[in-house]
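Paired with chain B in one complex and with chain C in the other, chain A is shared by the two complexes that follow.
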Partner chain A sequence: MTTDTPTSTEVDSGNTTPGSPRRRRSGSVTGTGRLASALVSPTLLVLAVVVMYPIIAALYQSLFVSGQRLDAQGFVVEGRQFVGLGTYADILFGPAAERFWNAFWNTTFFTAVTVTLEAVLGMAMALVMHQAFRGRGLVRASVLVPWAIPTAVSALLWRWIFAPDGVANAILDQQVLWSSQAIASKIAVITAEVWKTAPFVGLLVLAGLQVISREVHEAATVDGAGAWRRFWHITLPLVKPALVVAVLFRMLDALRMFDLPFILIGQQKDSVETLSMLAFSEATNVHYGPAAAYATLLFAYVALIAFVFVKLLGADVIGEARSQVPKNRGARFRRGKGSAR
Partner chain B sequence: MTTATGDERRTTRRRFEAKKWLPILGVAGIVLYCLAPFYWMVVTAFRRPADQYDLSPLPRTWSVENFRAVFEPGTGFGRALLNSLIVASTTTILTLVIGTSTAYALARLAFRGKNLVLSLIIATSMFPGISLIVPLLRLFTDIGWINTYQAMILPSLSFALPLAVWNLTMFFRQMPQELEQAAMVDGCTPGQAFRRIIVPLAAPGMFTTAILTFILAWNEFIIALSMVNEQNMQTVTVAISKFTGATQYDQPFGTQMAAGVIVTIPLVIGVLIFQRRIIAGLTSGGLK
Partner chain C sequence: MKSLRWRSISVMMVSAFVVAGCGGGGGDSSASSEISGRGPITFATGKDVTGAVTQAVETWNGSHPDQRVRLIELPADGDQQRQQMVQNAQTESGAFTVLDLDNVWNAEFAANRWVVELPKDEFDFSPFLKSAMKTARYRGRLFSVPAYSDGGLLYYRKDLLNKVDAQPPTTREEMREICAEVLELPAAEGMSCYAGQHAKYEGLTVNFAEAVHGAGGQIVNDQGQPTVDSPEALRGLETMVEGFRSGTIPRAAIAYKEQPNKRAFIGGELVFSRNWPFMWSQANADDGSSKVAGKFAVAPLPGITGKGVSSLGGHNLAISSFAENKATALDFIKFYTSKKQQRQRLVKGSLAPTRSALYDDPELQRKYPYLDTLKKSIKSAEPRPRVVNYGDVTLAIQDEVYAAISGDKKPDKALNALQRRLEKLIEQK
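This part shows the complex of A and B:
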């Protein structure tokens, strides 16, 4: 079955090119445009309400503060008050700066470390799964287990493993207080996160590996390339598109990390507080203005990273560039070359 | 391809005996890595509460005391399971109803701005949940939606809908174009071709999408945590995180692990049964 997946895709991409002119012609049938907009608009409407509205509303709300505060003369001011970019100034340079930058660096650190580890481990797992002939079904089943476990449950599970009397300390023969020591709690969060998601990266990379034709490897072996050289010069470049997309998804997911440190270590712990946790903590204290500002800053950070990543590494997230109708012969030729590579 | 694989294996085996057991070792490593923590959860759940800190690989005395404690009246765990079921199923159904037609249009119809729409939908799935929750929390407070199912279901669509549209688009793209053409030659309009021909044939793809969506919605935490503050409206992930259990221990790990097992086992069984479909669904994005 594992070999089925790439086969069907090859068949599919083979069909797309000859089928394309026909598809284009059927597209010009009158009424298709109207049908398309009727079919697409419900999704866009829902996403406008649950995604677009909140993003804009957060930006708007971050310009206000609510609740009791003292004005310049020392009088108590009640209710909502427009402060412009004042909240952002407080966060970036003012009294809230220390907590914000701490959360910012925690988020960045967790993302960088976990995604790197996941990419390396996932790559290794994919290579093993690709080579494995015996126990393939077992591996595939077990790889899905960490993915299927709810993050909340896995956080509890790792809190138990990292408990003072837990099995981690017993195996290491140490008395580490994982939940209170700064470095130790970071390690605990990273371990739990990598455990849960590295197999998922492995699955995505494996799918990429299976598309590489065996002939390429055989040709390189005949030419005298050793296993290591084949990995660096054939496997890695060819699997790069799949790996890049997997890493991008993981990065964006790690940047919004919340459940794991929240349950595994706890709220308002400097050592593991992420931007999501900071915004949540402000929102539950009814500090909507600062909470909205933190949420907006996190959104901007995520958008920036996604943009830079897609621009720099050319992550072909939607796969559209390759499955889309070629504009002209040259484009089709390039596409053909691309898939034969 | 199979013969080439066989030949290669045979020559390799003759050359290096070590290469024969190296993959097996790798496989064992992966299985151990993935299952050991899960195993530990199950084993802890089956110990007696008094043996909680016992670190033997198997319980000395098997007990279901922890499971009984999970359903103790004060915990509200049964109600939480029901809430999760309601929220996750409604999210899944809504997602499929809304997403299927959109995915069909994106995969099969030619219209202007198609790529833009698809990119936009994919992009929304990457937005951090907290950025959506903070303003929605305020909105739902104003309109009295706190502690309601819709306050959890509606925000859940923000991650479920893009995933479903994406998966179904990939699935529709793989179906032969001739299906609609034949239907239209026989006099169907594009709309009829979609309803009468495509939807029945798309059942497997929709089923896979339903499983993935359900698992994601079931595992959701931050939305349910923010939108609900009454115990009887909590979903199971939130209930489990606030679990203090019914035993006298300050950290009732045994009870927590038992609750974890109850929440996870249905998912694990489902995943094992549908593993091929799930992997195909998960990797359809990375493959293209």
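This part shows the complex of A and C:
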């Protein structure tokens, strides 16, 4: 029994000896944790004020309507009425559904078409800018000019181009009414949007191209791969992370499209009305409840698209996997080769 | 992921800003309907392009050093002016004291108590144009005072009409007959007959209202009920649609606002044009910018079955409920709408007055030969629907009328749909 006791104390002490520094360490971890949270709390506070509050306020606002009734003397009844999800029901299935779904499809259509065109053109621009030739600096700078012009200004420029007596009609030798014909106005918006933002994609892709090692290309050339094969099997898989990020950014931007159709074509045009324009139009007519509801729906839609996109394509937006870059690269490269075969 | 979240967050913030500042307009407010207090005030108005407004404010400030008026120039675009004024009212800000309201906003501002009721007996409205006074009241109570007026005019090519020995038309049918002859002339090669404002914006509501009134109909009757499903309204809309179909109105005119219409007329492309008085001096410019200087004249708008009726344009002054020094504001409104001030603004800025006598002033008539015609136009003009939710009503009108003139909907279908939408919009109230 006595021998057991020291053994047990020994065991005990053996347990506590490595245990106590662990406890100490965990104590210091909580200390650090507290310090850390104290240090980031101002940031969190700012985020709560500028991010969380508006989101919640908009959600809350969308549950009310105001200014819908008049009293006996003809004055608007003050205060607001709680309607719950009534506004959303009106928008999705009720009287406002036609306008909402039209704007929804317009937004989706513009996003799909412009981002596809921008990705293709941006890729082409990046490949050109990546080549070594005389005047490369000039080409790079001039490609960026459209991106540098504020959207509102470029929308005005394009409005003049697409005026009934404008340059576009003069070149085409047609009398197209760009601001009133449904398909023509869609084409006008897409043209202006692609013109403006393809350089952005080009720039991001160019950055991706520049990190591709020259040796990979040389090795492929030695193996007898042609230019097309090298592009398809080397450049594209290696530039994919940059391209995916560029496309994601463009998609999120395009889903919020507002100023370009607003200025280029005008308000309340069914053919180009987007979800942001709908929210704006309701807000200017003092229907804050529905405006908040449209904004919230757009937010949900953007969040959903971003989520699906990241899940499907694994966009590495801030390079959280940067430490595993070599491994990842290899994996992607192999996968690219494998699927190509 | 983090910056992705940022992205969505920034999206949300943009959306949130759209809906920011919506206190819901509820609860007790600092608003006071009592007109009292003297001291410095502000005057919120559209861009003062002619300098006539600034001149009036300076005159006032010269004689009222302790009750100075500060001029706040809002954007030139009417929608943006309204938006800023509404935002100001929503936040119950006292930044704007005297508001320069487009006369179609009177009902909305009055019903929301954004502007105060004005004491009727402190004004003598007998010299004012009766049509303009209609826009100052809401349910029989006075909320604003008309400061400017405006009416549509039919500009026509006098030189071409003389060649075919025609008088300016009084109906659209006559106009078409004259066009048929004029367009045969070699001098009129490549010209079109007529254009108004047909783009999808407020101007379309103005032109549609004129067509309906010109056919003897009404958009909203005196009891406040929508009546666009009447045969008269159909006749009005069919005339517009037929104009486009037959080519009387050129195809490009479906995108016309005031300025493109003006460019077409002074570029010699139109025989007839419906536009506001502002076009007169630009069309008469002899610096080579106008091809029609000295070759045109104006007439009252032609009707469709009866006589022509213009839509009434113009601006009224009102006092914000949330501002201080309302007694000074009332004095300023009296000063601003006085005969002397209106005359000065007409001389300096060619801004049409709301006092009838000024239209008969021989000296002014020499300066502005269109004045007599404009008076006829304004006297018989009809205001656009005076409803609280005018913004929604005009949008519904633009939607359906535009669908009809662009050929997407048959006129009777469009008007039936419009009737239902207006009933819903107006019944809500």
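In this section, the second predicted complex is superposed on the first by the 263 of 341 C-alpha atoms of A that agree within 3 Å, B and C clash if a C-alpha of one lies under 4 Å from a C-alpha of the other, contacts with A are read in each partner's own complex, and residues count from 1 in each chain.
Operating definition for what follows: contacts are C-beta pairs under 8 Å (C-beta built on N, C-alpha and C of every residue); 3 or more make two chains touch, one makes a residue touch a chain.
Remember, predicted model here, so these are calculated numbers, not experimental data.
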Touching partner for A:Ala152 - first (chain B), second (chain C), both, neither: first
First (chain B), second (chain C), both or neither touched by A:Val310: second
First (chain B), second (chain C), both or neither touched by A:Asn285: second
Partner chain in contact with A:Leu177 - chain B first, chain C second, else both or neither: second
Chain B versus chain C as contact partner of A:Val51, first or second or both or neither: both
Partner chain(s) touched by A:Ala246 [first = chain B, second = chain C, both, neither]: first
Which of chain B and chain C A:Leu298 touches, first, second, both or neither: both
Partner chain(s) touched by A:Gln268 [first = chain B, second = chain C, both, neither]: second
Of chain C and chain B, partner touching more chain A residues: B
Chain B versus chain C as contact partner of A:Ala219, first or second or both or neither: neither
Common interface residues of chain A - those touching chain B in one complex and chain C in the other: 50-51, 54-55, 57-58, 61, 163, 165, 249, 252, 255-256, 276, 279-280, 283-284, 288, 291-292, 295-296, 298-299, 302, 306, 317-318, 320
Partner chain A, residues of chain C touching it in the complex: 1-4, 7-9, 11-20, 22, 24-27, 79, 82-83, 86, 90, 110-113, 138-139, 199-201, 251-252, 254-255, 260, 388-389, 391-392, 395, 398-399, 406, 424, 428-429
Chain B-facing residues of chain A, complex: 1, 3, 5-6, 8-9, 12, 15-16, 19, 22-24, 26-29, 31-33, 35-37, 39-40, 42-44, 46-47, 49-51, 53-55, 57-58, 61, 125, 128-129, 131-135, 138-158, 160-161, 163, 165, 167, 170, 195, 199-200, 202-208, 211, 214, 218, 242, 245-246, 249, 252, 255-256, 258-259, 262-263, 275-276, 279-280, 283-284, 288, 291-292, 294-296, 298-299, 302, 306, 316-320, 322-324
Contact set on chain B toward chain A in their complex: 1, 4-5, 8-9, 23-24, 26-27, 29-31, 33-35, 37-38, 40-41, 44, 53, 55, 98-99, 101-102, 104-106, 108-112, 114-115, 117-124, 126-139, 154-155, 157-158, 161-162, 165, 173-174, 176-177, 180-181, 184, 189-191, 194, 215, 218-219, 221-222, 225-226, 237-238, 240-241, 243, 251, 253, 256-257, 260, 263-264, 267-268, 270-272, 275-276, 278-280, 282-283, 285-288
Chain A - residues contacting chain C, complex: 50-51, 54-55, 57-58, 61-62, 64, 66-70, 73-76, 78-80, 95, 163-165, 175, 177, 179-180, 248-249, 252, 255-256, 266-269, 276, 279-281, 283-286, 288, 291-292, 295-296, 298-299, 302-303, 306, 310, 315, 317-318, 320
